[in-house]
């Protein structure tokens, strides 16, 4: 199955995605899920989440702007989603930046099965128990995946995947998407995407839709979502007019996902498998 | 009074609207209320809402991303708004999709008077006690208002209006806006609006401003807001450039409301009254 | 040091800003902080905020959509930020519009030191104990700073600054930025900015980044942020195409900040010092 087919499967099946996510980027998360062909629902009240997650196919747990109530909702929704065999994704926003965020991410990983864990390199290193140098919700430059440390980083994600049973996705200048055996090394995207809040959150939401629509191919579905996001970043930047900046760029990226089809994704995806 | 006059009355009076609404679409709700000439305030803390609603002319209650605290705030604010004779609107987002949402919508309807209840067809059928096939926060295709079931649906909204004392607005491909006697059947809008999160929420916010500015004409005010939103969807789609998608379309719809005047609304509104 | 240098210092140092802010405008706040060269983090959970604020350089407290939990977080984060000598800004959204908002703003001012307090004229008059005529979250026209009452208003902000030890910023058609000795009277901006939700919130977030990057020059840093926002409003309006309205204008303002450099800011800033 090609990566483009993964996208086409989203459009063909309109997967419902339950999101427990931060209030900073939630609107863009909803719009990018719609743009790729999915249907988003947001709910973070403990009394509401089990019903909501039950009618969906996937659950996207993002711990940015977590609070006592939403943490409780994450545990309840995750347990229910696991019970129903739904796809579940963890976006550990800010793991390493505060005790509560690190503990919540690790606690969730202990109590439930995740199909995918997606974060920046500092967040993923924190979860892997390796020394990370988090800078707030952004990855530290010291942690970046580079051609120099690529071998070591591929080993790290394969080991973390083997240990957790989840596909691991690290996104940054070079993206890694790995299960225990194979690692996609992806080189789509533009540095300017870092000047938009929430491209990572958006990717996690869209990725959950890809997982639901491609239930037997989690590695390919995850890689497809990463390539689609990076390619949209390239198309959106190309479309930027003089005087336009990060706010318009944000819209153009979502627009590019809306316009993208499987053929364009297959043609634009830049990756090697190791 | 024409529908265009209803819009002009909003611009002439700058009605203040208190919104207890979800955090997914709240920014767009605020911007569209400003676009049509109103002034939005958001507050969902029980200790804050009675003061805030007192200084406003209308209250927009939207149960998307409801939680224990905001539900309590809805009851307090609604009681105060009723006491003061303010306009109150209910947007039952996801009624039918979870027990908490259905119970909250019905509970609010029992405890307070709503001037308007606006939702998609599955949500409204849930409130009417008729069998609905909700698909998350979107209407089920099986429930859609069509030319084939139009007579039955007009009967349903008239009966629900008679029973609740509220103007009932169902929005979708065909929109119905009805009191117990008359029903506007509205055919503005574009199918692509469904690919934007929150066009319904935006409409409810804007509609509350229309109600406040046209206190004696709730049916016309509601119909005017529905036509304005649909017409903005038509204008916004027409303005879309190659490569643009749902994110930019969202902005163009709000922009179209900002630019719309009463003459344009009267010229563009497409409806019949039954 | 010129105002343009204040902006360049933001870009050179990428200050981390912790925001406890409302969910209406939070996405725009994050994107404008990124646009000016800073890095935003949002957290409002009491168990999280001390860790988060500790890794940042500044704290932006905005009381729009405050609730019991976030109020507690404001007190905890403010105390920690003061202890660490971080910059702290207060945006008293809606002070004067409800008891809870007024009491929270005054309570915070009593318990912690603010480097800057930024609001509209009605909010600042409320904090100064002078009769204000708040109209929701917007300033009352009766309160507006004009050429006629300019002397009295400059006296008011200087006195409030002397009393609180904070730089006071009133924004509106004429902006005032003052410490106890000197007051910048700024005439950048466009009236149409009032049709966008959250330009004030955005300014407060960006201003906090300016404060962190210019630690010894709070007055100049604050004035620079105000001029930058107003200038961006001028550039963004100029760039508006036929048919575009407040939603696109919002993006164009953030875009203009993204594109602005120190030379452009110095050339475009319109102010006198009194």
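In this document, chain identifiers A, B and C correspond to the written order of the chains, with residue numbering beginning at 1 in each.
The rule is short, and it goes like this: a residue touches a chain if its C-beta (ideal position, glycine included) is under 8 Å from a C-beta of that chain, and two chains touch if they have at least 3 such contacts.
Predicted, not measured: the structure shown is a model, and the values here were computed from it.
Asks: Subunit B-subunit C contact: same residues or different, taking over half shared as same?
Replies: different
Asks: What is the size of the turn, to the nearest 5°, that moves the C-alpha atoms of subunit A onto the matching ones in subunit B?
Replies: 120
Asks: Please tell me the distance, in whole Å, between the geometric centres of subunit B and subunit C computed from their C-alpha atoms.
Replies: Those two chain centres are 33 Å apart.
Asks: Tell me, which residues of subunit B touch at least two other chains?
Replies: In subunit B, residues 23, 27-28, 250-251 touch at least two other chains, as defined above.
Asks: Mind pulling up the subunit B residues that touch subunit C in the complex?
Replies: 16, 23, 26-28, 30-31, 34-35, 39-45, 47-48, 51-52, 55-56, 69, 235, 239, 250-259
Asks: Under the definition above, what is the set of subunit A residues touching subunit C in their complex?
Replies: Residues 22-25, 27-28, 64-68, 94, 97-101, 134-138, 195-198, 243-248, 250-251.
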